[in-house]
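One chain, subunit A, links the two complexes that follow: it is found with subunit B in the first and with subunit C in the second.
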Partner chain A sequence: MTGKLAWTKIALPLGVAALLLLAWDAAVRVSGSDIFPRPHEVLRGIIQLIEQGLLLKYVVASLFRVTWGFTLAVLIGVPFGLFLGWYGWAFQAFNPMIQMLRPISPIAWIPVAILWFKVTDKAPIFLIFLASVFPIAVSAIAAVQNMQPVYLRAARNFGLTQLQLFRRVILPATLPQIITGIRIALGVAWLVVVAAEMIAVNSGLGYLIIDARNAGKRYDLVVAGMVMIGLIGLVLDLLVRQLEKFDEVRWGYANR
Partner chain B sequence: MQANPTVQVRDLWMSFPGKRSGEQVHVLERINFEVRQGEFVCIVGPSGCGKSTLLNIIGGFLRGSRGDVMVEGQPVAGPDPRRIFVFQENGVFPWLTVTENIGFGLLKKSEPERAKIVAHYIEMVGLNGFERAYPRELSGGMKQRVEIARALAANPDIIYMDEPFGALDFITRLKMRADLVRIWQSEKKTILFVTHDIEEAVQLSDRVLVMSKRPATIQTIVSIDLPRPRDLDSAGYLETRDRIFSAMGMSLRIGENEKEALPISAQQPV
Partner chain C sequence: MSLKRMVLVVAVLWCALITLLHLKLNLRVQFFGSKLAAETTQKFRVGFLPVTCHLTCPVTDFINKQMAGDGFFEPIRFNGWPELKEAYLSGYMPATFLLAPLAMALREQGVPVKIVYLGHRDGTAMMVHKDSQIYRIEDLKGKTVAVPNRYSNQRLLIFKALKERGMSIKDINMVEMPPPDMPVALRSRAVDAVTSGEPFMGQTELDGYGRVLYLTKDVWPNFISCVLVVSDDAIKNRRADVQRLVDGIAQSGKWLDQTMDHRMEASEFVAKNYYSQDPRLLRFVLSKPPDRVKYTNLAPLKKDFEEIQALAIEAGIMQGTVHFEDYVDTSFVKDDNAIQPYAWEGTKPTNQ
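Then we have the complex of A and B:
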């Protein structure tokens, strides 16, 4: 039974992928387009990028920016969110501003980022930070506000100091929801790095796409870049998901 | 020492602000009672009558509107590690193992001392073999045992229990009651236990405080001098139980109108 399930778990998605590739190939042939690449041309593009050493260079450049922007967002967003969740007055003071800044797409910040940071790595790092700090802070706020009151009452009963209360109860009680926020934020960060690299810098997967189009309409490389972005995004999500499997947080996710 | 009151409630009143502005909901009125050291006292009353509120005031989680609550001669100023509360909704921390939960209140003790105390109480509540389990791997009854062990391990003078077995099934509840009485007999703690289950109160306690509907007053205090272990078929048990039932204005004959029930003519048409 489980063996059969595991088999379908691999076979079904592969089947869907194969169908999509066939449909893609057929659509290009039927339309007679000589600009849009067929799947095997994209594969050839990827191989060409690997041979030139560009793929690794660009992937590393993009991941470098995401790592910095995202780490900064976690370091600032989590404590800030916990603080706002705990102190009602701080939440009242800051929440309207957060809710106003949050809907501004990070893309809209690109001109500002270039103005402040020129065409350096700092511009996309700033944009990634902006994109991921809000989901992280908001999930930390909600995590504190939704904490079961019984845990706090039990902790108060045992006479914990403020610091012990934070370390032994508030932090572990909110961690599952914070990790969920971090997962969402990493997804957004990966979306934003591509957009930022199209405009603000001269390297990375986003730059690869826009450069391949501008310098000779190399759509095989454009789609190759897209495929790589998708694959790396998938791997990043799988990695963050591993965090949810620790015993200390597993209680926070129903039926997993 | 034995006869000294450890909990004293004097002329306690409690009201909450109601939904409409200026409105006050009176929950407790003129509550007076004492609990002696080592005594097992149950508080029973109809659902929503304010018995949990009363226990929360005594435990220091809420403040009464008027009157005094003294524990060991001191007015209650807040929760205190010398008196541990066992919660109805289970306050076991899901991110800690059974061992870590039971040792939660023992941070000041040395590591080997803590391990010894935890092992002792794991044995006492019968959780051997589950030391490294997480609460999500335990049944409701086992989780409640963890919480009781955590309370005992902190070595409090008094344990407050707010319907701790309310969410358990019938058989588990019976077993938990027997275990609690056994533990109480060996540990000699004072226990103040809130329940809506009259049978539970009669099975467990030395005295039962019977509360009225809201605004709750103490209607009567019933002493239960039945020997332990208690025989649930004995005439004495049944007589005591019925006395409390009738004090709460309830009939034990299913299908008969309650004493307070409206006459048929005044009831809603079916």
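Then we have the complex of A and C:
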């Protein structure tokens, strides 16, 4: 039984990946392109990066920037979202501004980031923060606003204080939705890493892609950067999914 | 409770681990005695792009490191004009290589910037697809031409070339495109012609789909695309650093033009250590032909800039409210002929 489960969980996605790789290879061969790399050339590019010690450096640099941009977004976005969700007047005051800032792409912020933070790590961290703070805040706002009134009525009947109400009722009730928001935001944070590293930092997977474009016909490295970003994105998503398995998080779902 | 604590502990550990790794691997911070980090912040920063127009920047740095054990300035490599310009405006670096018309226009817009030296002469080509029917500049009529930036002298060169042939800019369709994207754009024939600094033009020739429509030396001899600019503040407060930089750039320019061996040597160490490109590219553009790009005669001259300014006004990127004396400081080049090339014969004997 478990053997069969493992088989479908691992073999099926691998099968799809293998099929796509074959299709990619065939497409390049059929089109006769000598610019677009074939899968084995990309693999060779990745191996070359490993041999030069660059891959580890670049992965660490990108993860560092995403970690801090995203951590700041969680630390600011969640409390701010809960606050706006709870106090109607605050929501009314801030929501239009949030909705206005939310659709602005991080790429548009690049000039501002350079002028404010120069070409230090702070600039890409700022861009990643901007991209991920809004999904987090918006999901926290919605989580509070969508809370079932019955929880609050029950809590009031028990005579909970504000702090108790927050810790025992609001937080557990909103956590599942907030975590969903965080998961989406982590995806977004990782998504903007290429754009954020277009700034003249000299490391990172986004930098690898931009640098490879400067290097003449090295599109194998461009695709290698894309592949690495994709693989790490997959791992990040798997990790965040683990959070949803915990009982405390399920509490909210179970009562829906 | 234990879950929250665990998530928190893992998160904190992760943040600490990734930060330490980043400091160690990418910022090269030494945890015991942070002398290195303190020293690099002291150095004079100079911005550049991986193009031949800025070649003297890495060459000066490399030769200095070889001769003195350490460079006296910190070259900061960018990947595009907007980021380079914005980093300069933010005050991150007091000096940078910049497009000549852009430097002049920035001065006109009130940015405290002065041109102190030229980056190179010539070193730009216009490429068309080898199968295209474009053989003369006149054939560009109705075609799409990619230029690196609206403030680039490559764009002004097109104004000049068209005017001399009784045509105007309205006869062609001009688009802006980052130079690294130009070879692919030409190959896929997304545009009919591309023009920028080397080595991106040479690359289309090397890869067998580009054909030279013109080299600048044939259309606008002694063409200037990029200049070395320094902030007013650095001229006032770090005069010695600026002088040293200008002297170094001048010496390495003369070194590059001294022998073809020097150029081949530079192709190797610059491609490997600064540009992360295939050395073949630089070897090609620095030798075929040898006067494709030149690094001597780089003192800024009034007549050159007046010509550029007239074209810039015509092209709508300058008003004409500033003049040569406003945007150029010639005081760092007393006598350009007196400057001797670096006395450095390269690493060749030990290398191969």
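The rule is simple: the second predicted complex is superposed on the first by the 241 of 256 C-alpha atoms of A that agree within 3 Å, B and C clash if a C-alpha of one lies under 4 Å from a C-alpha of the other, contacts with A are read in each partner's own complex, and residues count from 1 in each chain.
As a convention for this text, a residue touches a chain if its C-beta (ideal position, glycine included) is under 8 Å from a C-beta of that chain, and two chains touch if they have at least 3 such contacts.
This one's a predicted model, so the numbers in the text were calculated from it and none came from an experiment.
In the superposition on chain A, contact of A:Ile210 is made with subunit C only, not with subunit B.
With both structures placed on the common chain, the touch criterion links A:Arg167 to neither subunit B nor subunit C. With both structures placed on the common chain, the touch criterion links A:Asn157 to subunit B but leaves subunit C unconnected.
In the superposition on chain A, contact of A:Val60 is made with subunit C only, not with subunit B. When subunit A is checked against subunit B and against subunit C, the one touching more of its residues turns out to be C. Of the two partner chains placed by the overlay, only subunit C lies in contact with A:Leu115; subunit B stays clear of it. Of the two partner chains placed by superposition, A:Arg241 touches none, neither subunit B nor subunit C.
In the superposition on chain A, the residues of subunit A touched by subunit B in one structure and by subunit C in the other are 247-248. Remark: subunit C residues 3-4, 7, 11, 14-15, 18-19, 21-22, 25-26, 47, 50, 76-80, 82-84, 86-87, 89-92, 180-181, 183-184, 187, 199, 203, 207, 275-278, 281 touch subunit A in the complex.
Interface residues of subunit B facing subunit A in the complex, by the touch rule stated above, are 59, 61, 78-81, 83-85, 87, 89-91, 93-96, 104-105, 107, 134-136, 154.
Residues of subunit A that touch subunit C in their complex: 35, 56-57, 60-61, 63-64, 67-68, 71, 110-111, 114-116, 118-119, 121, 198-200, 202-203, 210-211, 213-218, 243, 246-248.
Against subunit B, in their complex, subunit A makes its touches with residues 148, 150-151, 153-154, 156-159, 164, 168-169, 172-173, 175, 247-252.
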